[in-house]
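Heads up, the next two complexes both have subunit A, just with different partners, subunit B and then subunit C.
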Partner chain A sequence: MPEPIRLTIDGRSVEVEPGTLVIEAARRVGIKIPSFCYYEGLSLAGACRMCLVEVEKMPKLQTACTLAAAPGMVVRTDTPQVAEARRAMVEFLLTNHPLDCPVCDKGGECELQDMAFRYGAAESRYREAKHHVPEQQWSPVVYYDRPRCILCYRCVRVCDEGMGVGALGVVNRGGRSEIAPNRGDHLECDECGACIDICPVGALTSGMYRYHTRPWEMAHIGTICAFCADGCKTTLGVYHNRIIRGNNRDRSGLNGEFLCIKGRYAADFPHHAERLSSPLVRRDGRLVRATWAEALALVESRFREALASGAPIGIIGSNHTTNEENYYLQKLARQGLRTPHLDHPRTGDLPALMAAVAGREAALARIEDLYAARAVLVAGADLAQQHPLLSWQIRANWRHHQARVYVVSCGPVREDRYAARSVRVAAGRELEGILGLEESLRTEPELVVVFGEAIQGEQVARLVAFGDSLGIPVKYVCLVDYANSRGAADMGLLPDLGPGYQPLERSGMALDEMLECADLAVLWIVGANPLAGGVRPPARFLVVQDLFLTDTARRADVVLPAASAYEKEGTVTNVCGEVQRLRGAVSVAGAKTDLEIFTLLARRLGLETGPVTWEKLLDEISSSVPGYQVSAAALRAGVPQQVRPPRQASPSRRGKVRSARDTLFTSGTLGRYAAILSAVREAPGELYRG
Partner chain B sequence: MKFSEQTEAKLARLVESYPPDHRRSALVPMLLFIQDEVGAVTPQVVEEVCARLGISPLEVEEVVSYYSMLRREPAGRYHIQICTNISCMLVGGAELFEHACRKLGIGNHGVTEDGMFSLEEVECIGACCWGPALQVNYDYHHHVTPEAFDRLIEQLRGNGLKQRGT
Partner chain C sequence: MLHPEPHPAEVVLLTRRFRLRDSASIDTYLATEGYQAFRKALAMTPEEIIEEVKKSNLRGRGGAGFPTGLKWSFVPRNSPKPKYIVANADEGEPGTCKDRLLMQYDPHSLLEGMLIAARAVGARAGYIYIRGEYRYLIEILDRAIEEARRRGFLGRNILGSGMDFDVYTHSGAGSYECGEETALLESLEGKRGVPRLRPPFPATSGAFGCPTVLNNVETFCAVPPIILKGGLAFAELGTPKNGGTRLFAISGHVNRPGVYELPMGFNLLRMIHEVAGGVRGGRKLKAVIPGGSSCPVLRAEECDVAMDFDSLARAGSMLGSGGVIVMDETTCMVKAAARILRFYAHESCGFCTPCREGTRWLATVLTRLERGEGQPGDIEVVRNVARNMLGRTFCPLGDAAAMPASSFVEKFREEFEAHLEGKPCPAEEVAIHA
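Entry: the complex of A and B
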């Protein structure tokens, strides 16, 4: 470690590492220096001049955001000269800024408003006509209002550096400067909305939120995004029981300020017009509305018949239900309904990885490892499309730490642009591509390997053996598709493995086998849509539990309306095995949480007595599932808890692994019900084109 | 897009003067060289420059919209830039500009119908000691009175279309 530097800020002595900026050094001791253009993690702009401070022996005021701390430096942020400079800067920024705060979306959470309040003058001396430019719509997501813009370049930098997209620029000069989109009058980009959330004023606003409500009228509920498996925290803004927006402006959670279009704007699906609001039962070939009592009685009777006759029952679980629900479902299936036929649509070969790294405490990478590791290998995945947070982390790692990035894929990916090496292989030959990198990888001090479904089965064991042979610490991430795909496998929604990948004495049918089995008395499909475009499975009775009348639900005998992830409490586990807490944001009339439906059925079948809560189930999971010893208190406080690989684990020998290969703008069946995802028209990533 | 041998040689030298991952640094001089030959930064020029430097059209747009010396529409054969900034203004720069407008029958950023002359009012061109000053393409003219301006125009007309740039 280099010698720390000591400097004085407002009479307080501060010790920082060499290279620390004065603005950061001040923050360290609780002195807030105002700024617009400075944004931690992005390149320096020195554009807004809000952060001017006095430095002894320097003749003029200095911008604290571009000034590196030096030994013995004496900085003052509280002098009359600094206060005057700030007042002048705010006045200058307000010369052409419209005073439309009462109708501006940003009003109440606007940095310019806050700074005018704190540092600004009460009166403006500007008497000229303001330069007006009409508002522009650049995409279904992004709107730009030039007069409000203070040209801090945050949006330009976050898009270029953070996202690696570079869809925004600044055109013209001086007072006529404005932000411009990359396609003349519109944007072609990830539509993530990072530019909107990072905007310190109301210049960039979102199609989803604009003119809907005021920030202080909403409840703000921090939960975990319901779409991909990265597990981003999103703070849902709820007004009158409707989700109006998602954001992560407070940079909390494992994703910092990152969110993609799904986390920010796809949270409207709970309120979709086609949302099921009552159970449906099939009468005379048609699905008709029924009461919960009728529907549950019907399901109960079919289960009772099957149990009495010994006919097999099949259960397909979900990639979206909570860990507690998944755990309870497998218990209900195996102990209550005494059936081994349990599976879920598998999107990555987690059991194979767990078996290969069983007992190794440090074998699984966390989201933050992708930002910290000296080298990262991405194999068989277009992260920018499928796992945008991982892509963001790796890009930031490269920008801030010059991490070396290796890519093995069958088509171009965003990481190519800065990869130390990119290897193109034919689809299915990814492992060979990785083995070919041996010489380079051997020279790295450490490595994180991120692999997609292209590597599965015994190839995973070969990959881990290869990692071992490198003689460096290697961590792994096995990519899976959805919000709790990891949790579904961890909780044992598998035909031959119980919770924690423990082998079962009696293995059951895998998903595909169940869909073809004519002997099944009941097939119960929870939150999954395996019959998309297909035919009805030959099971005698089909129960489907879901949010919408999906392709699968249409073929059911009984449909039970379930609550979404944004309507329930519990925990989910992300692609890196980090357990986080879901918080209910809204309630939708008619729907019940999956857990409630499970317990209602269990009670009817005489299998459950007394109340079942997610907290109790989490306690049970944490004391009984190998690797899941997580602290419920920490989860409640919003700290992600990474689970460990079990001491012993088995690969799954039944069933198939298939990724849905979603893009930024699709997300399996759920994605179809998020209006914004189908409203944008961007081409998906190169890897999935054509 | 292909340019003259001379321009291509200049561009080749230019691209080589920067490290491979900083090729975009060649953008401004490249646009100027090409503009000298083509007359303007046309959409085709933007496309060509993007391809040669591996940058996006937006990055070119940022630069073209910023620098007043880069044009989207061709200027006249003789592009006359008259300084009306303080030093020149004090000794008649503004009057010279007005005279030029009358003489050529065009306004600021105008081009004469025959395509011979274009006119632009510019900020300081760094000839403060010799004002009023103007620039014809890359050539400077000092102490330009209205009469001297008229003589200059006649002389340039006499040159006809022979000369372009320098």
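Entry: the complex of A and C
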């Protein structure tokens, strides 16, 4: 540890590590130095000049955001000169500002408003004509209003440094300077909206949120994003039972302030016009509306017939339902309906990894490890397209800690740009590529290995054996596609493994087998769309439970409208095995949560008696599923809880692993119902696009 | 503008080849001790070269007046990174037009100065960043570079010494701000011409993040005589701490405007009345901007001052880049101030708040005042806005705009007030009766 530095700020002694900026040192002792362009984690700008402070022995005022603390430095932030400088900067910023706060989206959460309130003068002496520039639309997501812009360059820097995209720049000069897309008049980017979120004023606004509501009119509900498996926290802004936007400005989740287009703007799918609002039953070959009682009675009768005749029942679970729902479904299937035929669309070979690292407490990386590890290996995945949070974490790790990044892939990926080594291999040869890096990897102090579906089955065990041979601590992330893909596998929605990857005495049919099996009396598909574009499975009776009339639901005999992740409580587990809590933000008429549908059916079949709540189920999971000893209290407080690999686990020997290979702007079936995802121009793709 | 004969008060050192036939050609240069200083430098150690430059008391001719030898000594010679030599030929300060004559009439002296600097710090490449409007000079420089390459003064293994060095010209694109050294480097690297955060300074992290010697054209041109005749000889031409001669560009209301090479510390009034032939039309001297438009203006009675960095600082102004702008009694100071501020508003790069907004505000108010549309309080606004900019902008451009604004208003307040009160411009009255 280097010697700490002691300096004085406003008469208070502060001790900080060498290299600490004065603005940060002040924050440590509760002294707030105002700033616009300074932004933690981004490069220094020194552009807005709001943070000027007096420093003894320096004739001019200094910018606290660029000045490193030095031993014995004496800083004053509370002098008349500093107050006057701040007043002057606010006055300068407001000279050409339109002062259209009453109709500005940012009103109420605008940093310029706050600064003018705290540090500005009550009156402006500026009497000149303002320079007006018409508003510009750069993409379906991003709008830019130059007169409101204070040119802090946060947007330019977050796009370049944070996202690794660099879609924004500055054109013209002096008072005519403008932020502009580097492509000229439009954006070709991730459309993540980071630029909009980071904008301290209302210069950048989003096509989804603008002019819909005021910040203080919304309810703000923090939950977990419903799309990919990274498990970002998103705070949904809800106005009149509609989700207007998502953000994570308070950085309260494991994603910090990061969100991609899906987390910020794709949360409108619950309100899609095609959302199912009542059960459907097939009459005379057509699906027609029915009451819940009619539909459930029909399903009940088919299940009873099957149970009575001993004919097989098949169940396909979901990558989107909660842990509690998945746990309950497998219990209902195995103990209630007494069927072993249970599976879900598997997108990564989790059982193989769990079997290979069984009993090793520290073998699974957390999201934060990707930011902290000295070295990261990404194999067979285009993280920027499929796991944008992981990509962001690794990029930040490289920028802030000079982490060494290794890439093994069959085509270019964003990580190539800063990788210590990038290896190109033919698809399917990823493991060989990794083995070829042995000499370099051996010199690393530690390693996190992130691998996609390219490595599965036997190869996973070989990968872990290789990791063991390096003689350094190695952690793993097995990539899976969706919000609770991990939880579906963990809860045992598998033909030959129960919760916690425990082998079963009697194994059942895997997904593909069920879809081809003509003997099935009932095939029950919950929140999955395995028939996209395919033919109806030969099962005698098909029940589909979903949000929309998907390709699969269209072929069903009974369709039950389910509630989405944004309409329910429970927990989900992200790609790194971190369990987090979902909170219901809205309710949609006619739909029921999957758990409610399960229990209604169970009750009709006489399999369930008492009330079932997600809390009770979580308790049961905690006490019975290996590795899932998580603290419900911590979850309630919003702290992610990582599950451990079970002490013993088996690989799955039945069924297939297939990633959907979504891009940034697709997300299986769900993505089709988010308006913004189909409106944006396809990002210049890098690799592994669907 | 070059007069056929030097003025008797001139000390021709940097300008000594200007009036020779084919002065820009390498043959003329070689016939007049050209590249002798470099040959001498090849036999010296880097430390000896820097020591000689230090002894000369040469201070940067771009405006800031930083001691050149000291600047060179900051370059970490044993850094594993490549080192670069960059000549700032972005001469953009209104009133300044000296570097262009050096490049037009004696381009090889610039190349030789850069070569000696390269020898002193171990650089292998040099760039001349030249303002886009000097297109004709780029041709002259490129020709000189080609000549030097052909004669073995640039390229690989120069004169068999084992030293490699080459020079490239790079055109600016019309931005005053790119004369600021870090903005120049950004522009040189192909980026937007906005200044960089300092530290690190260019000496340790300059062009392409590598150690860099960055000097004004005139500074480099002063190096060969220093090495050839010794630092002390150069120093003795000027005043203490202000070594050598300097090229002054005298413009405005004088009979003989032009570029004159005079010893540092030369008296400003003598410069106007003797060297430049006095105020045009026998009118009275009203004001002088002594070092380019960014320097505080001096009233006529303040002009009995020695033209060196320290004396002008004591007089409340700056030597700057040696552009002496002379204004006679017919000059409307409101108009002059408005014109200068419009220039800075146009040239502000816009990166930081006080310069971007302040220059525009000052230019707008002053232009309004100039048109007789002033409002009560305008004068205070100008003084106050200038004060709010001064010392608070990211780079010196804000100061360059604030200093003339506040000095014009403070020193000629009565004229601004007259404009405000709708009285005829005092300067116009003089003009009518003169």
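Keep in mind that, in the parts below, the second predicted complex is superposed on the first by the 685 of 690 C-alpha atoms of A that agree within 3 Å, B and C clash if a C-alpha of one lies under 4 Å from a C-alpha of the other, contacts with A are read in each partner's own complex, and residues count from 1 in each chain.
Note that in this section a contact is a pair of C-beta atoms (placed from the backbone, for glycine too) under 8 Å apart; a residue touches a chain by one contact, two chains touch by 3 or more.
These figures come from a predicted structure and were not determined experimentally.
> Using the superposition on subunit A, decide if subunit B and subunit C clash or fit.
They clash.
> When both complexes are superposed, which of subunit B and subunit C contacts more residues belonging to subunit A?
When the residues of subunit A touched by each partner are counted, C comes out ahead.
> On the A-aligned overlay, A:Leu383 touches which partner chain: subunit B = first, subunit C = second, or both, or neither?
Touch partners of A:Leu383: none, neither subunit B nor subunit C.
> Name the contact category of A:Ala180: first (subunit B only), second (subunit C only), both, or neither.
The answer is first: A:Ala180 touches subunit B but not subunit C.
> Counting only touches as set out at the top, which of subunit B and subunit C does A:Lys60 meet: first, second, both, neither?
second
> Just subunit B (first), just subunit C (second), both, or neither: which does A:Ala167 touch?
Only subunit B; A:Ala167 stays clear of subunit C.
> Which partner chains sit in contact with A:Ala47 here, subunit B, subunit C, both or neither? Use first/second/both/neither.
second
> Looking at the overlay, which bit of subunit C runs into subunit B, 91-99, 379-387 or 415-423?
Residues of subunit C that run into subunit B: 91-99.
> For subunit A, which residues lie in the overlap of the subunit B contacts and the subunit C contacts?
The answer is residues 169-170, 172-173 of subunit A.
> Touching residues of subunit A toward subunit C in the complex: what are they?
44, 46-50, 52, 59-61, 66, 84-85, 88-89, 91-93, 95-96, 125-129, 131, 150-151, 169-170, 172-177
> Sort out for me which residues of subunit C touch subunit A in the complex.
Residues in contact with subunit A: 175, 177, 192, 194, 197, 345-354, 356-361, 364-365, 368, 375, 377, 381, 384, 388, 391-394.
> Using the touch definition from the top, list the residues of subunit A that touch subunit B in their complex.
Touching subunit B from subunit A are residues 166-173, 180-182.
> Inside the complex, what are the residues of subunit B that reach subunit A?
Residue list for subunit B touching subunit A: 56-59, 61-62, 65-66.
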